[in-house]
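Chain lettering (A, B and C) follows the sequence in which the chains are written, and residue indices restart at 1 in each chain.
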Amino acid sequence: MSMTDVVGILVTTITLGSIYGLVAIGMTLIYGTLRILDMSQGSMVMAGSFIAWGVMAVAGWNPVIAILLAFAGTFVLGTLTQLVSVQPLLSRRNVVDFEMITFITTFAVALVFTNVALQVFGPYQKNVTPVISGGINIYNGVNLSYQALTMALVSVALMVGLGVFLARTRWGMAIRAVAQDLDAARLMGIPIGKLYPLTMGLASALAGIGGVFLGGLYFASPQAGDLPLLEALIVVIFGGLGSLPGTIYAAYAIGLIQGTAEIFVGTTWSLPILYGVILIVLIARPHGLLGKPAEARL
Amino acid sequence: MLEVTGLRAGYRDTTVIRDLSLAVTAGEVAVLVGPNGHGKTTLLRAISGLAKPAAGRVLLDGEEVQGWPPERVSLRGLVHVPQGDGLFPEMTVEENLLMGAFPAASWRGRRKELARVYDLFPRVRAMSGQRARTLSGGERRLTALGRALVRPTKIMLIDEPSLGLAPVAIDAVYAAIADLKAAGTTILLVEENFTHVGGIADTVHVLEMGAIVRTGGFEDLSQDESVVETYLGRLT
Amino acid sequence: MTRAPMSRLQPALAAVLVLTIAVFPLDHPTQYWLSVFVTAMILLLLNISWNFILGVAGVWNFGQLAIYGLGGYGAGLLMLHSPLPPWLAVLGGALGGAVISVLIAVPTLRLYGIYTSLLTFAFAEVIQYVILNDGTGLTGGSAGFPTAPGLFSALSPDAAMNAYYWTILVVVVLAMAAVAAITRSRLGMALRAVRDAPAYAAARGVSPLRLRMVAFAISGFLAGLAGALYLSFNQSISPSAMGLPPMSVDVTMFVIGGLGTMYGPLVGTALVTIVQTALVTHPGVQQTILGVFLLIVVVFVPGGLVGLVARTWRRVAEWADEDDDDEEEAADAAQQEGAEQHVA
């Protein structure tokens, strides 16, 4: 394995890891507070890509506006999704198999989003202008695009920002409280009727920003949410559902595994190999690397 | 301050509390005793909103609050310290106290309130940076009590503060509760047996089979042989 | 009394339904309509299998489509590359489905429900991905499987269509009866015990390990069979039979009907097929409507449509029997509720 390979793996790790991280931390945030698996996260990535396309390629505005609008737009979509597909079921959460039912309802929402997008935008891919174009040759032919680099930086910034939000702000701490003990949190006066939609909106917005960058790296299409969803699921399985730090480690670990696999067996087989690795990890540690669903550690 | 009339509450298919009525006046420390499983915790949960009563009324300071979600009831000045203290395990003591001040009005003045509670309970200040899950039982109860005080409280519901604690810790917890009483806090306290409450109880209610069967002062009830035998064993 | 008419009625209604469907081809309908029916019946078989593992056994298996697909590809490979007659190839596909299903069961045993859903879902995606990118020509990759003879290649197209129609009808009826019988059996009761109250079941000595394997094997067999029949009927299969869109449709079918109930898959498959056929010219709208429908049903109508009908029927029956002893009626109603919710 040559130095070129190593650098290549490093680049892939950082690029993929950041994508996975952005989409997956949203999922972990939602699971930690609502105890549901949000299958509509992939749709939020897709929505972000389309917003970016609309803002940059169609209206010709600058990327910062795209990012802001994507954040706002997917925040709203996420909130709506929660209100429609999760909130009405909360009163029955002890009677029905809440986790499974919400898996299905958020899945239904994703289905609706995909098909609406199909109707509105048509089935063909749209090219999304990258936030920053160009790239540099960092080592012996290994190309690092500025888009990927920016995305990595933005991802890290967002993750840090999320961490600060959760640690120091009123609503951030409230989110952690709800994740750790719902009844006690309610007794503190924390209004879960507002907190739940807020959490889902926030998580969706993070995915939406991911979509802005992903769109530039690849393209925007109605099915473009499927792969990020799958990847996010793999990351959260691996890292443990309740744990934010676990999710971040897992995201980069999986980026690393996938990068290594790509060098040795090519892109086609990297996904199945990834799946195989995860299978093995799960057999050894059924809760993933760091997760204990019963004790969320946001 | 608190008036409960004809309350009926339970879980799914079981009715635990049937036709329970109870009143607590302002400034009073009322103690609820009774065997386990007869509805003491259910009553507190029905009052604070964690459980929805099937029938009956709960009046807090004259306002009907039965069936309200706990977020709303707590904003009216009712603080419920649940069984097992309900601290947030991964948060530090200080973060837990801050969460007690979540409502908007309290949040603004939170630093001041925090300082006040720290003055009241110096032991809590000493632990302020520790994660709640690393504390001992007694320390956790103290923290929970402190957290209950971080905002204006009309009435405190405390569920079995001595549960699982060593005698020394129990003394510390009840000393703290005595301080609260001295400050004029209205308290509804639940205990399985009432050995420790002698110093602080103004009224004692006995809850059996989901209804109040006896009410009286601590002195009266501790003279009553049937009560004493059930809850204290033979006094030597 | 309230109970007797209902349970006397059920088999009678079922028989009438089966007969009606059976004589349909004699009316010389168009190939199009026959094909719609056959496709619907194949999906019904798939949904019965999925409903069994998800609804009755309570296992969060969201990868059933991979078994379905692999059953189809397996049967196809056997038809093309082995000397086995087509019938045995189909059976081979079904058995392959059972085996793969059991293999998936193993890692899921130690996992929480939600991890199982992730794992099985990811499994389905990965399988589809692998087949899509298969350049070896074995599965045909994204172009689809090369043409396979199917079961009735010796007959004329019309006769073959009828043959498929009746064969699959018989298979579906047998499958439904078998699943109903299994669910009512001790095995079925044990599965439902593990689903509803795992701690209690464990305390009673019910072994979840063995049970889960059996449940996976049964549902895997039926799903593989459905896939093999799909391959035979269409003489080909492609990865698009296994992706998210068909998964959404299938999940919608048995959830709308009623998860865990006996007639749920039937009602759901029928309903969705009607919607799909009516809107066949507008596929996008079709999917959107189905998604919305799914959302509404899951959120507002627990127990699906079958549950709704059962509750309405019970209320009607109670109203009709108002003179009868109240207590006896309540007991019957409770028993019925238990029967309707969990019988499958």
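Keep in mind that, in the parts below, contacts are C-beta pairs under 8 Å (C-beta built on N, C-alpha and C of every residue); 3 or more make two chains touch, one makes a residue touch a chain.
Because the structure is predicted, anything quoted here is derived from the model rather than measured.
Comparing chain centres built from Cα atoms against the global Cα centre, which chain wins on proximity?
So the chain sitting closest to the middle is A.
What's the chain with its C-alpha centre farthest out from chain C?
Farthest chain from chain C, going by C-alpha centroids: B.
CA centre of chain A versus CA centre of chain B: separation in Å?
That gives a centre separation of 42 Å.
Whole-Å distance, chain B centre to chain C centre, using C-alpha means?
One centre to the other, that is 53 Å.
For chain A and chain C, what's the span in angstrom between their mean Cα positions?
32
If I count partner chains per residue in chain C, which residues reach a count of at least 2?
There are none in chain C.
Which of the residues in chain A come into contact with chain C in the complex?
Going by the criterion above, the answer is residues 37, 84-85, 88-89, 92, 96-97, 99-101, 103-105, 107-109, 111-112, 114-116, 118-119, 223, 226, 230, 233-234, 236-237, 241, 268, 271-272, 275, 278-279, 282-283, 286-288, 293.
Mind pulling up the chain B residues that touch chain A in the complex?
Those residues of chain B that touch chain A are 48-50, 69-71, 74-75, 79-80, 82, 86-91, 95, 98-100, 102-103, 107.
Residues of chain C touching chain A in their complex?
58, 60, 62, 107, 110-115, 117-119, 121-123, 125-126, 129-130, 133, 244, 248, 251-252, 255, 284-285, 287-288, 290-292, 294-295, 298-300, 302
Show me the residue ranges of chain A that touch chain B in the complex, using the header's touch definition.
Interface residues on chain A, with respect to chain B: 170, 173-174, 176-177, 180-181, 183-193, 295, 297-298.
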